[in-house]
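Consider the two complexes below, in which subunit A is the common component and subunit B and subunit C are the respective partners.
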Partner chain A sequence: MSAIADTHHRRVMIGAGLCLALLVVMSLAIGVQELSLSGTEGTMPFADLMAISRLPRTLAAVLCGAGLAVAGQIMQTLTRNRFVEPSTAGTAQSAALGILIVTLFLPAAGLGLKALVASGCALAGTALFLATAHRLPPEQPHLVPLFGLVYGGVVGAAVTYVAWQTDLLQYLDIWTNGEFSGVLKGRYELLFVAVVIVAAAMLIADRLTIMALGEDQATSLGIDYRRMTQIGLVLVSVMSALSVVVVGLIPFVGLVVPNLVSRISGDNLRGTLPLVALGGAILVLASDIAGRVMRFPYEIPVGTVMGVIGPAVFLWFILRERRDA
Partner chain B sequence: MRDRIVIGLLLCLALLAVIAFMTVNLRGNIAFALELRGIRLAALVTVAVAIALSTVTFQTITGNRILTPSIMGLDALYQFGQVALVFALGGLGYVSLSPQLKFGMEASALMLLAMVILWPALKSRMDLTLMLLAGVVIGGLFRSLTNLLARLIDPQEFAVAQRAMYANFSAPNTDLLAIAALVTILAGGFLFSRRHLLDIAALGRDTAIGLGVDWNRLVLLQLITVSLLVAVSTALVGPVTFFGLLIAALAERLTSSRRHASVFVVAMLLGVIVLVGGQTLLQHGLGQAGTLSVVVDFLGGLVFILLLFARRTR
Partner chain C sequence: MTTRSFTRRALIAAGLTLAALPALALDVETYAGKVTVEGTPSKVAVFDIAALDTLLAIGVMPSGIPENLYLPELSDLKGKAEVVGDIFEPDLEALSALAPDLIIVGGRSSGKEKETVKVAPSLDMTMDGVNVVDQARERAFTYGAILGKQVEAEKAVADFDAALARAKAAVQGKGKGLILMTNGPKITAYGIDSRFGWVHKALDLPPAVEDVEAATHGEPVSFEFIAKANPDWLLVLDRAAAIGANDQNAKATLDNALVAETTAWKSGQVIYLPSADFYIAAGGLKATERVLATIEVGFSASQ
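The block that comes next holds the complex of A and B.
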């Protein structure tokens, strides 16, 4: 990286960091109960309110956003396609299938077991997607996300069918539409695994950058391609499954953020992965805040907000790319 | 000749499905039950015909076998219009409007928007896979916008909007049956009268223009008809993403040529068999009245994936 690019990159990082800090403060300040340090009668004391509800909610959004954005970046490296991410590759839908299976056979299972089975199912579903997507012609980059979207839809239809048969449709809505309003102390700590996932991704960032060149190139440069693919798959699956189990599906984070970052700072993942994580945290937290204030005191789930932002940005990407070409 | 045999066989199957739908498990007040089932049957047949005609026509003017109006997000657009109307008028205002007037407003809005969105895309002769992807994404965008709008509506009014949001074959919206059937018959008659023109259009844009077809006029008129038919089916049962694809793909394989006279009929009969037969089977055979739309979306999605991969190897 040249000195100029380095300064540019550092400025972007600082800007993003400040932006996230501002959003965190906003997120802590917004809620139905007015903040007062003494705590008026009939309301919760300030410290409790922060520790039990506002802080966990804010942290959950930051962790989810960072993890999902990094997961999206990894997916795009593995498929060598800019338009793929966990919710457009059947990963999240397979995770929902896993939770459904646990709920059916072990209704008393805790979050940990649910997350484990969901991760397993997400892994199987994503591996199937990858194996099939590699058979699509590489010169038509739009076929892979198209296949992924429909594949996710088919898995989703199977999940809906089973849920319908077993009267679990109501739960299904919780898993398939991400929402932070249910996040309280003691019910989101699993999300801290996202820190491990982001750290692991940064450790292998250089190898991921080389993998983006394709299997032959990467292998000739000394990368164990299959092994790295497996590691990447596990990271992506665990992250998507965790977010589906704890808060529900938040679509398109992993698509929007890496694409924007790549436009600003290029594709050297060692430099850009921290920015991707920051960007994901900003996007999800901002969407959550928007959902909270749009129809105060009611809330709009973050999954619904991202469901509108995501496809709109996606559309802009694919149409703009065509004009540039 | 082969087409006639296929049509004859499908006609028998469709009749069987209809008879089964009307008679299986009939008990209690028979006259009442028959009337109720008759109305539902009429709604299902209208939907099957509307989707079959609109999908086949759409595929002809866009020159491909994978794209369908609902994959391009037309029915999501219609739904968005419905919820937007509830949002604009309020739940009470929406309910007090006559259903026919609402249908008229929503159908016109859909035709207008379809023109605004699809016409430039078709004119610029966009790359097919890009158009497909853009269509799927647009469909998703409108579904999310519908959800968002529904959340912004008062909770009491939400119930009004919610009815419009899910495909339901077991309880079609029968208020609109008369007008929906009328529109379908008129639109169907129009498409049938132009079947030879469509046969020429199927040869491709350049060949058709070379043979003296006014291509823009043809595409514009068919697009308007297609959006009307989509409005009919969405108003009656809600959105069904892959149903059209399922029957159009089957119809193409069952007919010996792409002459619209036979493709239209085969697709319509297949639609009736799948909808009426499937509903009977799920309701009485498996005791699962509400799940036909999910099953159709599952199977249709698989067909879509198969078509994607088949196209590659060709």
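The block that comes next holds the complex of A and C.
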């Protein structure tokens, strides 16, 4: 990286860090319960409220956002396609199928077991997607996201069918719609695995960058392509499943953030992955704050907010790209 | 005139009179407007669980029922009547094979009378949810009138009113309530104008939060919201009705430091409503009686 680009990148990083810090403070300050340092009659003491409700919710949004954005980046690298992310290529739908299976057969299962089964299903679903996506002609890059949408739709339809038959449709809808309202101390800690996922992604960042060149080039440059694909697959599946299990589906994070970061800072993942993680955290936390504030004291699920913001940002991005071209 | 021809004439005359008798026409007020029902139907197919529940309460045994009956109290109907579809969608082929005299749709099968009317006269008996209690009575009387069970309907409604009065008496002066629905780890709150608001209205139970809007599926709220509202009573419905493990799931969702702050939780004043009765069979006479009884028992436990 040249000195100028390096300065530019550092500035962006600092700006994003400050932005996230500001959002964290806002998130801690916003909630239905009034903040009172002394803990007056009828309100919870400040420290308790922070520890039980506000901090967990804020952390959950940050972890989820960072993890999902990184998962989206990995998926885009593995498919060599910028228009793919876990929620548009069957990963998240497969995870939901896992939850449905656990709910039906082991209704009393805890979050841990749910996460395990969901991860397993997500892994299987994503592996099938990747295996098929690699057979598509590389000269037609738009086939991959198209196939992803169809594939995700098919898996989603299967989930809907089973849920319909078992009268769990609405239950599953609300369960899988991304929302942080249920997050409390003791109910989100699984998301800390996102830290491991982001760290692991950073460790293999250089190899991922090379893999973006394609299998032949990557292999000739000494990359164990198959092994790296497997690792990437596990990272993406576990992250998506965790998100679905703990808070539900949050669409577009993995799509929008890597694309924006790529535009701003290029594609050297060693440098840009931290920014992708930061960007995801910012986007999800900001959406959650917006959902909390817009209809206070009621909530708009973050999945719904993202469903509005995501496509808007994405369309803007596509239109800009066309204009620049 | 021979005796024989006299007898024949008498028989014909009697037959004509008999044929004329049931040709009564009854105007029925349905969800989709006024429908005229001719005669007294004997073979009835039902797609709405609330309607099914009320029909049984007034002593009508339906000939056609939906596949999944949801309420354990209805499970012994299986095998005694033909399955003619599910609560969402009539199976027109099975329905034609059954050839009923009357078809009742409603709730989740609302609007399907447009299809079933090709098989037999059909009524959409959906309740609008504004006042479930009044409509439960009204439907019982209507079914009684159509099916010649007026006396039984009077009796069933009297039982229902008694259950209502007992629940109302138990609720008086015990504080404010909040209706919640749990969906896995998440919760939604229901206000006085929601589909469950009839509990507040019919029992004079003051709401802990005045202005929860009338969203059909409730308003997503946080646990901080519940702590702030601080209800004296929590009335809880677990949406995972199909799995049946009601209390455990809802209890696990609510069992946290913020809900623990509320008077309701501290005083053990959390009532878990029978979900299928409350949610799927809303407005069925017996199902609603069971909901009222659950509320009565819950409130009576406290002084």
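Everything that follows uses one rule, which is that the second predicted complex is superposed on the first by the 315 of 325 C-alpha atoms of A that agree within 3 Å, B and C clash if a C-alpha of one lies under 4 Å from a C-alpha of the other, contacts with A are read in each partner's own complex, and residues count from 1 in each chain.
The rule we apply is simple: contacts are C-beta pairs under 8 Å (C-beta built on N, C-alpha and C of every residue); 3 or more make two chains touch, one makes a residue touch a chain.
From a predicted model like this one, the values you see are computed outputs, not experimental measurements.
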Will subunit C clash with subunit B on subunit A after the two structures are superposed, or do they fit?
-> clash
For A:V308, decide between first (touching subunit B), second (touching subunit C), both and neither.
-> first
Name the contact category of A:L113: first (subunit B only), second (subunit C only), both, or neither.
-> neither
Looking at the overlay, what does A:L203 touch: subunit B (first), subunit C (second), both, or neither?
-> neither
What is the contact status of A:I14 with respect to subunit B (first) and subunit C (second): first, second, both, or neither?
-> neither
In the superposed arrangement, which partner chain does A:I300 touch: subunit B (first), subunit C (second), both, or neither?
-> both
Between subunit B (first) and subunit C (second), which does A:V32 come into contact with in this model arrangement: first, second, both, or neither?
-> second
Identify the partner contact of A:P145: answer first if only subunit B is touched, second if only subunit C is, both if each is, neither if none is.
-> first
Considering only touches as defined above, state whether A:L168 meets subunit B (first), subunit C (second), both or neither.
-> second
Which one hits subunit B, of these parts of subunit C: 7-15, 97-105 or 223-231?
-> 97-105
On subunit A, the residue positions that both subunit B and subunit C contact, one per complex = 298, 300-301
Inside the complex, what are the residues of subunit B that reach subunit A?
-> 126-127, 129-130, 132-134, 136-138, 140-141, 143-145, 147-148, 151-152, 241, 288, 290-291, 294-295, 297-298, 301-302, 304-305, 308-309, 312
Mind listing the subunit C positions that touch subunit A in their complex?
-> 68, 70, 183-189, 212-213, 217, 219-225, 227-228, 230, 239-245, 248-249, 253, 256-258, 261
Okay, in this complex, where on subunit A does subunit B touch?
-> 83, 135-137, 140, 142-143, 145-147, 149-151, 153-154, 157-158, 160-161, 164-165, 294-295, 298, 300-301, 304-305, 307-308, 310-312, 314-315, 318-319, 322
In their shared complex, subunit C is touched by residues of subunit A numbered 31-34, 42, 44, 48-49, 52-53, 103-104, 107-108, 166-168, 170-171, 174-175, 179, 181-182, 184-187, 292, 297-301
